[in-house]
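Scrolling down, you'll hit the structures one after another.
Each of the two complexes below includes chain A, the first together with chain B, the second together with chain C.
Take a look at the complex of A and B:
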């Protein structure tokens, strides 16, 4: 396994109390595999990613437990300086909003070249040549001229391509893409996603794709992990989930996708709000919103049930759910 | 005339050097003229080149820039426009008014007011520039580090700045400088740096904290940038604008403060030529010989005004949202 997250706990200490953002997440990604992490805002998917990258703001954040094994070594046990060398070179991250993720006062060539200067100790001139090469690779036209331009002079899709180029610069083994297409037009979304998937195949990288767009997931992901209130409630190969979800929350998510054949009808929505992370309900965190909830759900936290060999669900009634 | 700068040049001019570039390359502005200001479309444009483009069109900037350029030139080479010696005085001519060769008349010691006013610029500009540089460097380094790392030392620094803010500047000057016997400008500059750095430190700290939260700083960290690289390359260039603005305006107030302290007798001391000293000496004779007071006071007012207006123009250019 390229990356294995085991029983990860992250909490934030705030004035109002401790917010438990991640409560025992397990997932794994292999080289060449795409894992999609799905969930609402506040479900802990980005926090998990930040913990893996080591860019959580600490304090207020704190990793309260667990292991992050990357190529066999536990990242949480590394010194900050060793960790820094892993970032960018071995694992890289693509952020949601490329405009705010690029430094407005540096030209894109400087920012792309920085990867080579920081990690490879290249001269500025060589780094600039590499930057042009990278921009060509992510199919930015007239790269040689545009390398001197500043982020605001590029379109949204082009900026995201530059972010992808930066992340891929040193051919890392793992890429974490945190909602890489959310800020883009629908037409551009597909292009950027295709590019990312293509480059992933080319370099045989592991990809963790954080998103709440189920449409994107179906096209590119191999496996899906659905998160709710800091836990993974269901994890399965992509086709299994779309065929028959084994957790009522996943079912709710799938039912809330607008469909053309339901034109004119009311759109399904999961009722209620995501739980307050400072006061997660006892038992199953989803029980107040769950249409299938019973007494057991309010008292006992469901363990991870093994649905099949490569599929888990954190629902006492996964069998009933699976059968509709 | 220097070539229009490549983007690297625009980036190089980001530190405190940026403010200097703005003032010093004034001559470039006039030769280029307003027609070319737009520049061809699609040419790389940074915040700094945008700001520079705005400034070149701003009459306030051009006028105050010219005044400052003139001041800098005459403080470097006062003999260019004043051939006399500011310390050569003839008591027989004390308090006499304007006469050929001595357009501003003579002061109470019979010294030429014109020559002394010209030479006074050197003192004021030296004190202003050195105090501002000292304050800007000390304040932004301390404030920047505190803002970036936060935690214990940040709290300590913030409390120390609170203490310094509580010291009244003039009272502090009277107390601290009255024990100094040196005849140079350095004790005055040192005093201004001592009392001035908390102001810049607070601003630098605030803007570093704001800049630190930007996604691109997280992105840089996620791609392996070290603390120093994040701070120097990604945070500092995006946090330095408010420091430049406040420092430019502060420069004017330091010049005024030097005059105030010299007027009170604790700042610079004769034989140093200073507007403050001359104003102080002349104030007793304002009815008999007002010219002795008006020329140095006018020069002082004009200088302070020029720096404050320059600071205003720079602020408008660097932060369009404030308009």
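Take a look at the complex of A and C:
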């Protein structure tokens, strides 16, 4: 395994109390594999990613437990200096909003080249040449001229390509993409996702794709982890989950999206709202919104049940759910 | 015979680009909307889709008279609202209301929910006499599925989905006939989106509303719309009934747009043909000659650079009565199925019991 997250807990101290953002997350990614982490805002999907990258704001954030094994070593035990060598070189992140992630007063060439200057000790001139090469690689037309331009001179799709180029610069083993196409239009989204998938194959990288878009997931993922209130409620190969979800939350999500190829009557809607992370309901966190909830769900937190060899569900009644 | 309620003809909005400080001289224009025609029928939902920058939001603003068009007319029940002023304008505005995209910034954080929803009554006191307002506001809260006792709360005490319900209640306050909704669910989470869409569906029947529903999410637009118009660079390139547009698109841009939408079904991954467009949308300050889509179109020929294609039923379909016979602005219109055909009927969506669907707290 390239990356294994084991029983990760992250909390935030706020004036109003402790917000438990991540409550025991386990997932793993292999080289060449795409794991999609699906969840709504506040489900802890981005916080988990930030903890893996080591870019969590601490304080107020605090890693309250667990391990993050990357190529066999526990990242949480490394010193900050050692982590900095891993970050960027061996694992890299692509953010949602390219415009605010790029520095507006530096040319894109300088920003791309900086990776090589800092991590590889290259001269500025060599780094610039590398930057042009990278921009060519992510298919930015006229890379030689555009390398001198600033982020605001690029369109949204082009900026996201630069973010991808920057993440790929040092050929990392793992890429975490946090909603990489959410800010883009559909036609550009398709271009960018295609590029990302192609480069992943080329470099045989592990990819963690964080998203809330069930359509994007179906298009590119090998496996899916569905998060709710800081836990993974279901994890399965992509085909299995769309065919028959083993958790009522996954089922609700799948049923509540309108589809392009079907005109339905009324949409299924999951009742209620996601829980407040400072007061997660006892038992199963989803129980107040769950159509299948029983007494057991209000008292006992469900463990991760093994549905099949490569599939888990955190629902006491996963069998009933699986059978519809 | 269907009764039209809004008729838009030749709508144009150009924002001038100027140079110089004292003697401003116009050096060009951002052609945000560049000749749009459509009609909205009574009781129907017209969906408008398009990518960012195509002018769909500018159209929405002109419909509710927040922007003055550069040219063209918007007729509400036969009366051109762009020419109205004073009392007549005020009464038209009462009948065309808007729901905004971002429920976080479109509600004043210093006003209570009761004041926000009741504010339209200050401008149109004839709708609700002073003493009656509180009850009216509470009724509205109830209608949109919020607890009427929340009337004295502030926006920050609500979640995104609940705030959008407040925005919708404000839009309904004056009992308008038309609601223009500009991306009303795009800021919401998936599970909450469905609640708001269902609410809008229900209100349409209850209050006999006509919707102009603007969004970039094609799946949501299909779900809610009776007719759909596809915009590109300030113009409608194709318009028709939802099945005509989604199952029988004839304009290459619509085809590319539809094929790019990810379908939530991994089985469809292999046997889906995707059209990936090259490049980006051209700048609206410098629109290509002829057909404005030709720079990204795989079918473009010389004729496309010279002649502007009209929005009409393409000649090859004119004599047929099939679903391909709808307005499409392309010289080389061809029918193409890009969305995989429907799965077994009745499998999705499952309809939950009513009390679940309302999502009431």
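Here is the rule we go by: the second predicted complex is superposed on the first by the 320 of 324 C-alpha atoms of A that agree within 3 Å, B and C clash if a C-alpha of one lies under 4 Å from a C-alpha of the other, contacts with A are read in each partner's own complex, and residues count from 1 in each chain.
Convention: contacts are C-beta pairs under 8 Å (C-beta built on N, C-alpha and C of every residue); 3 or more make two chains touch, one makes a residue touch a chain.
All figures in this text were calculated on a predicted structure; none of them were measured in a lab.
Undergrad: Answer with clash or fit: chain B and chain C placed together on chain A by superposition.
TA: Chain B and chain C fit side by side in the superposed model.
Undergrad: On the A-aligned overlay, A:279 touches which partner chain: chain B = first, chain C = second, or both, or neither?
TA: neither
Undergrad: Considering only touches as defined above, state whether A:296 meets chain B (first), chain C (second), both or neither.
TA: A:296 sits against neither chain B nor chain C.
Undergrad: Taking CA centres, what is the chain B/chain A/chain C angle in steps of 10 degrees?
TA: In the superposed model, the angle at chain A is 80 degrees.
Undergrad: If you stack the two complexes on chain A, which partner ends up touching A:260: first (chain B), second (chain C), both, or neither?
TA: In the superposition, A:260 contacts chain C only.
Undergrad: With the two complexes superposed on chain A, say which partner A:166 touches: chain B (first), chain C (second), both, or neither.
TA: first
Undergrad: For A:41 in the superposed arrangement: first (chain B), second (chain C), both or neither?
TA: In the superposition, A:41 contacts chain C only.
Undergrad: State whether chain B or chain C is in contact with more residues of chain A in the superposed arrangement.
TA: C
Undergrad: For A:1, is the partner it touches chain B (first), chain C (second), both, or none of the two (neither)?
TA: Neither chain B nor chain C is touched by A:1.
Undergrad: Just the number, please: smallest Cα separation between chain B and chain C in the overlaid arrangement, in Å.
TA: Value for chain B versus chain C, nearest C-alpha atoms: 9 Å.
Undergrad: I'd like to check the shared interface: which positions of chain A are touched by both chain B and chain C across the two complexes?
TA: none
Undergrad: Which residues of chain A touch chain B in their complex?
TA: 53, 55, 84-89, 92-93, 95, 97, 100-107, 110, 114-115, 118-119, 148-150, 153, 163, 166-167
Undergrad: Give every residue of chain A touching chain C within the complex, in rising order.
TA: Counting only chain A, the residues touching chain C are 40-41, 155-158, 185-191, 193-194, 212-219, 221, 238-239, 242, 252-274, 291.
Undergrad: Which residues of chain B touch chain A once you look at their complex with the stated criterion?
TA: Where chain B meets chain A, its residues are 6-7, 11, 14, 42, 44-48, 214-216, 218-226, 229, 233-234, 237-238.
Undergrad: Please name which positions on chain C make contact with chain A in the complex.
TA: Those in contact with chain A are residues 51-52, 159, 161-162, 189-195, 197-198, 201, 216, 218-220, 222-224, 242-243, 246, 256-258, 260-269, 274, 276-277, 280-281, 339-343, 348-352, 355-361.
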